[in-house]
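To start, I am sharing the structure in question, which I have written as structure tokens.
By letter and in written order, the chains are A, B and C; residue numbering begins at 1 in each of them.
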Amino acid sequence: MSLDHIVSVTIGGLTVGMIYALIALGYTMVYGVLKFINFAHGEVFTIGGYVAAFTLLTLGVNDGMSAIAVAGCLLAAVVASVLVPMAIGFLVERIAYRPLRGRARIIPLLSAIGVSIVMQQSIILVFGSKPVTIPTLALSSASIVVGGIRIRVLALVIIVVSAVLMAGLTYLVKSTRIGKAMRATSQDMEAAEMMGIDTNKTIAFTFIVGSALAGIGGFLVIMYYGSLKFDAGFLYGLKAFTAAVLGGIGNIPGAVVGALVLGMTETYGVSVDLGFLAWFVVAGLVLGLYVQMVRIPRRRLQHIAEDRRTPEYERSLLNVYRLTPYHGVKTLLAERTDALLSVSAEHAVRLMAGNVFLAVVAAVMFVNANVRIDTRWQPVIAFVVLMVILMFRPSGILGEAITEKV
Amino acid sequence: MRLSEVTERVSGAAARVPRSVYAVGGLVIAIIFPLLNMAGWVETAWLRVGVISLLFVMLSLGLNIVMGETGLLNLGYIAFFAFGAYTTALLSSPKFELRWPFLVVVVLSALIAMVAGFVIGLPTLRLRGDYLAIVTLAFGEIVRLTITNLQDFTNGPNGITGIYSPRLVGEGALESLGSTGPAAWLVIDKPVEYYYLVLACVAVTAVLISNLKNSRIGRAWNALREDELAAVSAGITASRAKLLSVVLSAGIAGFAGSLFAYYSNVISPESFLFMQSVIVVCMVVLGGMGSIPGVILGAIVLQALPQVIRQAAGAARSEFEVYRMLIFGIIIVVMVIFRPEGLLPDTLWRREAHEVDPREQEKTRQSLFDLEEGEKDLEV
Amino acid sequence: MGTILELQGVSMSFGGLKAVDSLSFDVRENEIVSIIGPNGSGKTTTFNVISGLYEPDSGDILLKGESVAGLRPDQVHDKGISRTFQSLRLFSNMSVLDNVLVGMHSVTDAGLIASMLRLPKVRREEAAMRVKAREILEMFPGRFSGPRQQQPAFSLSYANRRRLEIARALASEPALLLLDEPVAGMNPMESREVMEQIKVLRDKGYTILMIEHDMHVVEGVSDRVIAMDHGVKIAEGTYTEVANDPQVVEAYLGKRAAEATA
């Protein structure tokens, strides 16, 4: 495993991660405000890419043009790929989501699925079902060499542009009037309304900003890869949603963290040997053992009532976690006499099962140290991450910014 | 709201006819339909449309258990269909040179789909509705991609070909009867035979599910959907009841998948795209979540009607497919906004759909309350 | 009279806040015990711990000598504790009768296959359930008669919805009935009626633990009263004893007032 390889894989991971982040922000903002998964968001991204490509093709951009003309074409493409998605985001919210506000969770989700299909089929009707391709420009294939490592300029552009946009978004949400309205609406829509906030306008604004970011994402992807398929939004959208959940949905920094983690996982997953990947599992195992042996027992000790706080009782509680195979299982199987001990035993056994599973996975990976996961499994990685995160920690890495109300 | 008035009146009139009349009428039409083909009035192609429509009826009935009764959205439902289809294809095709008996294969296909439902349901059913929908979607995609990638086992994107026709009796018995007369009926290989086989399965499934709907278990599902906290406090084991509904619906999909594999002879991952799951969801939404006649109608309308229109318009297949999906998308949006209870609504969902605005609802309650207080005075 | 419910040093905290702090008390057979206390004193949390919605951090809960602490709500219900909620939690779109039938879920046992085939056994069980459910609804004379049983629960008046919730809880013939503010939001006439019905339930042999703010009701039906404040039991005894306890007066009215009455 050479250093060059690791650096270039890391940059690749960062690049796709940043793209995911741009899309994930739209999911997370909408979810934060409305508790609603905007399933059609991935299609907005595709439309952004298609509109950008259409603009470039219409203007007939090519390397024969002067640098200023090329820049002009690109600027036009950016503007188009922002404005069209913004308009669509606004209209869709108005037509398909607003009438359903306040209904059972799955009802607006169904509507969003319908919208996503309508958008996808409309793309086919307007642009055809063949992937759209833009002419190769000097800019898109340009690369620089740093310390013997070749890096595409566009990758750097994507990373920098996304980072700037995210900083801007953070400023918008944290420090502006409309940002404050967004936060208030997400906390309690009714209360925000009573305080004179136009929640409809705020929600529409949220959709518009999210769609604009997705549109830019579409533009960057078409520039980076040169082509885009009508159904690309499905996979990008799902991955971005995974990223949002991974970071903690509703949480803006979380979406970025989640997107980068996902981008890295995906890229590393298929670019390096299992022997190398196994170390990540080992790190997870160390964390899991720390949770089982130190963090959770410490928290449980605080649950002991004053009148029972004897050294023996504390020791038996610790033993349940630290010597789970014996004390934990024994307590679990014994007749329930003490609520705290039996609940803890159940918990400890679950934690132990998780750690054993990680250990087995790591062992299997070390045995097959030289094998590499085939790239055709790459989409599966994201789906597996999504399932695992939803099963074990639905609140994500950084936690949901807005706590769930029952 | 003229339109809604009209639909309300039509559906009101339709509701006054007993449901059994519709059931018997529908069944009679379904039974007579192939006879028209035998008489030479209808092309065999329509019989094929009929078989596929019936398979989708079965899928919709299965999905309706989780969506309509328990209120869980499953966006990867087609994966269970795939489990059934691939189990059948592997056990009854030249791929591994196996030809297990029909009944064994069908039952095993359903069982394997049920196991898959159990495995995916166990860790995910405590998730709230929208997350569950996405997890099931991810599951469906994982299954499809895995099928595509495990080329040694499933032939990847090329699929498995040459699936044998089902035989109702063992090999020896068939040979002793010769190849004509009754023996020909014991091998199902003509569209009309498939049609009646699937029709019988659909009819039985519909009856069994409708019994279940009006039983203690069906009530438990509805209670969980209405208010989970109250349901568990009333003694319903949420995890078990939900798992039961997921496993049962998976079993139905696996069963349908098995019949599909036998019928189509060839299966490939293309048949199990996410879009297929959405189509089944669309059928349930259109017909009416929780309503058995509704989902049957939904499946037939969305599967058979487009074919009729395509024939009439003489459109090319691929282009037609785009319009078909576009219309499906529009149907979902329009239905959930304007008639979320579906074409032939279930009582509970109709009530659910008509108490949208909580303030409005409180007003009705208040007026009923006042009315009741008045009544009490009369009683005294 | 045997002991039905026994709490032994039950504690429950949320973050740093001790909502219930080593609470111990018992409820004996065929007794009506009321828990009173100011808002936020931990009464509903106690109910939630008993009914299994929360796991206690420590301490034990015994139902007829058997521990139910840490069990899931449905398991607690199976053991024989059923409850109502302070904020009504009916299955609003289901019919009145179906609401009661759901309450019988745990005491009936038709399985999946049997229900699908609608075997004679299932039919008999279903018929018996309906008879029983009507009997329970008849305990509230005139309230759920005839066609009203087929109405959706949301169409009932507020008071009737409270009654229906009690009927649903009774459907499983629980060993212990937990009523969380059964007369909240009712007018004096209605609450007097509910009070009478609670007495009827005692005559039928039910054991009841209830939370109530309406002191007329507490005085009228309780055999014993437990007063809580800040998660701690501050007094226990007959209504008169508890009502005159200086600590209770202090909890409700403040220290100065308590000194004045003393």
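Rule of thumb we're sticking to: a contact is a pair of C-beta atoms (placed from the backbone, for glycine too) under 8 Å apart; a residue touches a chain by one contact, two chains touch by 3 or more.
Keep in mind it's a predicted model, so treat the numbers as computed, not measured.
S.K.: Hey, how would you classify the chain contact layout here, line, ring, star, complete or other?
M.R.: complete
S.K.: Quick check for the class: compute each chain's Cα centroid; which one is farthest from the centroid of chain B?
M.R.: Using the mean of the C-alpha atoms as each chain's centre, the farthest one from chain B is C.
S.K.: In whole angstrom, what separates the CA-based centres of chain A and chain C?
M.R.: Here the centre of chain C sits 45 Å away from the centre of chain A.
S.K.: Could you work out how far the Cα centre of chain A sits from that of chain B, in whole Å?
M.R.: Centre separation, chain A to chain B: 32 Å.
S.K.: If you average the Cα atoms of chain B and of chain C to get two centres, how far apart are those centres in Å?
M.R.: One centre to the other, that is 41 Å.
S.K.: Note the residues in chain C that touch 2 or more other chains, in rising order.
M.R.: In chain C, nothing touches at least two other chains.
S.K.: Would you give the residues of chain B that are in contact with at least 2 other chains, written as numbers and ranges?
M.R.: 229, 352
S.K.: Which residues of chain C touch chain A once you look at their complex with the stated criterion?
M.R.: For this pair, the touching residues of chain C are 9, 11, 13, 21-22, 55-61, 67, 69-70.
S.K.: Spell out the part of chain B that touches chain A in their complex, as residue ranges.
M.R.: Against chain A, chain B makes touches at 71, 73, 75, 123-124, 127-131, 133-135, 137-139, 141-142, 145-146, 148-149, 229, 274-275, 278, 281-282, 285, 318, 322-323, 325-326, 328-333, 336-337, 340, 352, 356-358.
S.K.: Enumerate the contact residues on chain A facing chain C in the complex.
M.R.: Touch list, chain A to chain C: 303-308, 336-340, 342-343.
S.K.: Mind pulling up the chain A residues that touch chain B in the complex?
M.R.: 36-37, 95-96, 99-100, 102-111, 113-122, 124-125, 129, 234, 238, 241, 245, 374, 376-377, 379-380, 383-384, 386-387, 390-391, 394, 404, 406
S.K.: Using the touch definition up top, name the residues of chain B that touch chain C in the complex.
M.R.: Result: residues 208-209, 211-212, 215-220, 222-223, 226-227, 229-238, 244, 248, 347-348, 351-352, 355, 361, 364-365, 368-369, 372-373, 379 of chain B touch chain C.
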